[in-house]
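Have a look at the structure below, then the notes.
First chain written, first letter: the chains are A, B and C, and each begins at residue 1.
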Amino acid sequence: MSDVLPPSEAGQVGARRLDALHLLTLSAALATLLLLGGVVVFLGIEGAPALSGTSENLPAGASSIWALAWPLLYGSVWASFLAILLAVPVGVGVAVFAVFMARGALGRWLGTAIDVLAAVPSVVYGLWGLAVIAPRAVPVYEWLSTRLGWIPFFAGTPSTTGRTILTAALVLAVMILPIVSSVSREAIRLVPSSSTEGAQALGATRWEMIRTVVLPEARSGIVAGVMLALGRALGETMAVAMVLSPKPFLVSLRLLTSENPGTVAAYIAQNYPEAHGLEVNALIWLGLLLFAVTFAVSFLARAIVRRSGGGSR
Amino acid sequence: MRIARKRRIADRGFTIALACCGLLALIPLISVVWTTASRGLRRLDWDFFTQSMRGITGAGGGALHAITGTLLITFAATLIAVPIAIGTALWLVEYAAGSTSPVIRALARTVRAVIDVMAGIPSIVAGLFMYAVIAVTVGPGYRSGLAGAMALVIIMVPVVERSGEEVLARVPSELHEAALALGVPKWRMILKVVLPTALPGLVSTLLLGVSRIIGETAPLLLVAGFTDSMNYDLTDGRMVSLPVYVYSQWQNKGVDAAAYDDRAWTAALVLLAGVVLLHGLARLVVRRRNQTR
Amino acid sequence: MTIEIENLNAYYEGLQAVSDVSMSIPERAVTALIGPSGCGKSTLLRCINRMHEIVPGARVGGGVRLDGADLYAADADPVEVRARVGMVFQRPNPFPTMSIAENVLAGFRLRGERLSKADSESVIERALHSANLWDEVKDRLKRAGTSLSGGQQQRLCIARALASRPDVLLMDEPCSALDPASTQAIEDLIAMLRAEHTVVIVTHNLPQAARVADRVAFMATTETGDGGHLIEYGTTDEMFNHPVRSATQDYIAGRFG
């Protein structure tokens, strides 16, 4: 009679002999690790030379890679911030609407519409932004400029083409709206009905219930969705590259003028075709930087979810 | 009474504001679909699907080479990404989850974290990665459909892995037990019970993964390049895809600018229709499974 | 096939579920394991075909012999053990991707054993006859196994287990998810199976144990955290009419559990 068997031996006497599938799936998992490792290593190898670049060989005659990178990072963060500002109220509103008001067919249609919105390729958004948003934005920008020009954001001569950072942010906002609303919708659905019914039993109106119970309880989920959307907006390339024609090294708060900061991702796409020599290394280094920023954002998002969601679930 | 009225008005206002949000979300969708359809229909003709852009400088021509390129590149990317993604998901759900070994548990945690990080990689970074790989191995200047497909693999793996993991985890544990109790080795149980049971969900996962990469532009622009001609060889030479075709038609307009714009919109329409079709199919597969239950 | 359980201890991660159980289960008879929830009777059952150890962190100590052969010997393959000892679960679990016929043959198909067409037809018919299901499904063998009613699904699962001609059939509360009519059908079936099979059944339902079992084993926990002990084991008549231990008397009389 055998004594107390250690679990692994007890369970796998036969498995160990036969299980090629375990090895196969394990190697798939290792391949995944390898893929990400490869991304970091190869971007590092090809990006590092740019660190020693000078105004002689860097794109746009930048004195160093940092002089090139900072304004672009600013542009990425600024455009994404504006997009979040525009998309989050609407996205959360849609989510609340979908959960509490649009029951049945209406809710399903809204869900499908949001799904389709998420599936539209970014080049199509680029074309659409240029053909639909930019021309319609011009009179609005002129109005904002004459009436509210004293606010720094609206200062300067408004663009006559409508291809400004605000237009790019609008297109980005439409692109990230589905992420914000679908993640928020899941977070709101997870609020236990005991909480909502409790609030209603105390005589709260629907608005009071949502404001005092639902939104606070769903907050960490909504914030995670916003961070996810932020990561997406930071990395979005084609739509911004098509809508925006940036001015190198510009850091500006102005939203309506034809002189706009560029974004990292769009800059890479716009300058890639003509790049040669160390300029290519510089673009790769910019890509690594962008990766680091989006990584930090997603890390932050997970930390938020873990800290406030871990205890209750 | 006054307070009650105030509260009622606030509630009413709130309801209206939310309905406006719903409408506001629909406006861009309707606008995108309407604009793409109305402008894309102008060139939605036989030539568009049967001709390339070889030797075309003004009107005419088509996107056959781009459609072929999209199909080839997407197919190759799917062929590489799906085994990695589903294999990883299987390992996490079927092997790592039931293990008490601290090594395997740590590895599983690492793999999940890596998948999360990969899901956040901007697509242009995936393109740059493949460019860097090419520069180190083959030498810069090399462009091919396969390089583009490899960049898309980076984007597709986390998408398919995550939803594949969800689908596999939903296979009831009763079926695992039923198979094991019949004296079936674990690997056969996975191949013959788990995978067939999860198949509709996995097919839907696959379709959503394809729809995610089929519209990707930036990475292909970088490593697959652009061409006006047909290219059936994934390993040799530039290969254009539909999204890149849209971008380049818009970017490099010739003398007859309207002809280039029309082609860009028509390609956008075909692309949009393809993506919506894939989404519809994915839903259909899952719904049919639910009905037969 | 007689089953000898010797000093069996079973654990879940850090928790003892079965404590030092020794008993001898006779062949061609129905033996029922009864006892309150959490007394380890299901765990004990799952030790007889080495299903207990598929739970992560689960361990088994002691031994189980099937006609003298130690199922927990170092060279014993749990997969082979399970092929010899059939099992039926609480909830019917036919494979949803397979037809009725394929479900019956599932053991062979999943183990990769090939049967000729004639052989598989005879296996299907024999197993479905043994499970008392043949007349109800013989005209729709190609339909999905999940299209049957709950009671029929459970009998299909019994047929699936019987198809491989197991030495022993284990049943883990096979009627707890079924309506009274289906329960009746399963109990009739168990009475038929007794002639040729060694059956071990876990049940919560005392009248059921009294109706179907030849021998009854009563298990209970004596102290919390200690795991379930075998309190008393005897023929059905002894256990229900002249139990020796006071705990058995209390349980049979419905005073706890």
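Here, a contact is a pair of C-beta atoms (placed from the backbone, for glycine too) under 8 Å apart; a residue touches a chain by one contact, two chains touch by 3 or more.
From a predicted model like this one, the values you see are computed outputs, not experimental measurements.
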item	value
Distance-maximising chain from chain C - centres being C-alpha averages	A
Nearest-to-centre chain - CA centroid comparison	B
Which two chains share the largest set of C-beta contact pairs	A-B
Between chain C and chain A, distance of the C-alpha-averaged centres to the nearest whole Å	54
CA centroid of chain A to CA centroid of chain B, Å	17
Between chain C and chain B, distance of the C-alpha-averaged centres to the nearest whole Å	47
Residue list for chain B, restricted to those that touch at least two other chains	100, 185
Junction residues of chain A, two or more chains touched	7, 14-15
Residue numbers of chain C (touch at least two other chains)	54, 56-57, 79-80
Residue ranges of chain C in contact with chain B within the complex	13, 49, 51, 54, 56-57, 79-84, 86-87, 89, 91, 93-97, 106-107, 109-112, 144, 146, 157, 160-161, 164
Touching residues (chain side chain B, partner chain C) in the complex	97-100, 172, 174-185, 188-189, 192-193, 196-197, 199, 292-293
Chain B contact footprint on chain A (complex, rising order)	7-8, 14-15, 18-22, 24-29, 31-33, 35-36, 38-39, 42-43, 45-47, 89-91, 93-94, 96-98, 101-102, 110, 113-117, 119-128, 130-132, 174, 177, 181, 205-208, 210, 231, 234-238, 242, 265, 268-269, 272, 280, 283-284, 287-288, 290-291, 294-295, 297-298, 302
Interfacial residue positions of chain B with respect to chain A in the complex	7-8, 10-11, 13-15, 17-22, 24-26, 28-29, 31-33, 35-36, 39, 83-88, 90-92, 94-96, 100-101, 107-108, 110-111, 114-126, 128-129, 131-133, 135-136, 140, 153-154, 157, 161, 185-187, 190-191, 211, 214-218, 221-222, 243, 246-247, 250, 264-265, 268, 271-272, 275-276, 278-279
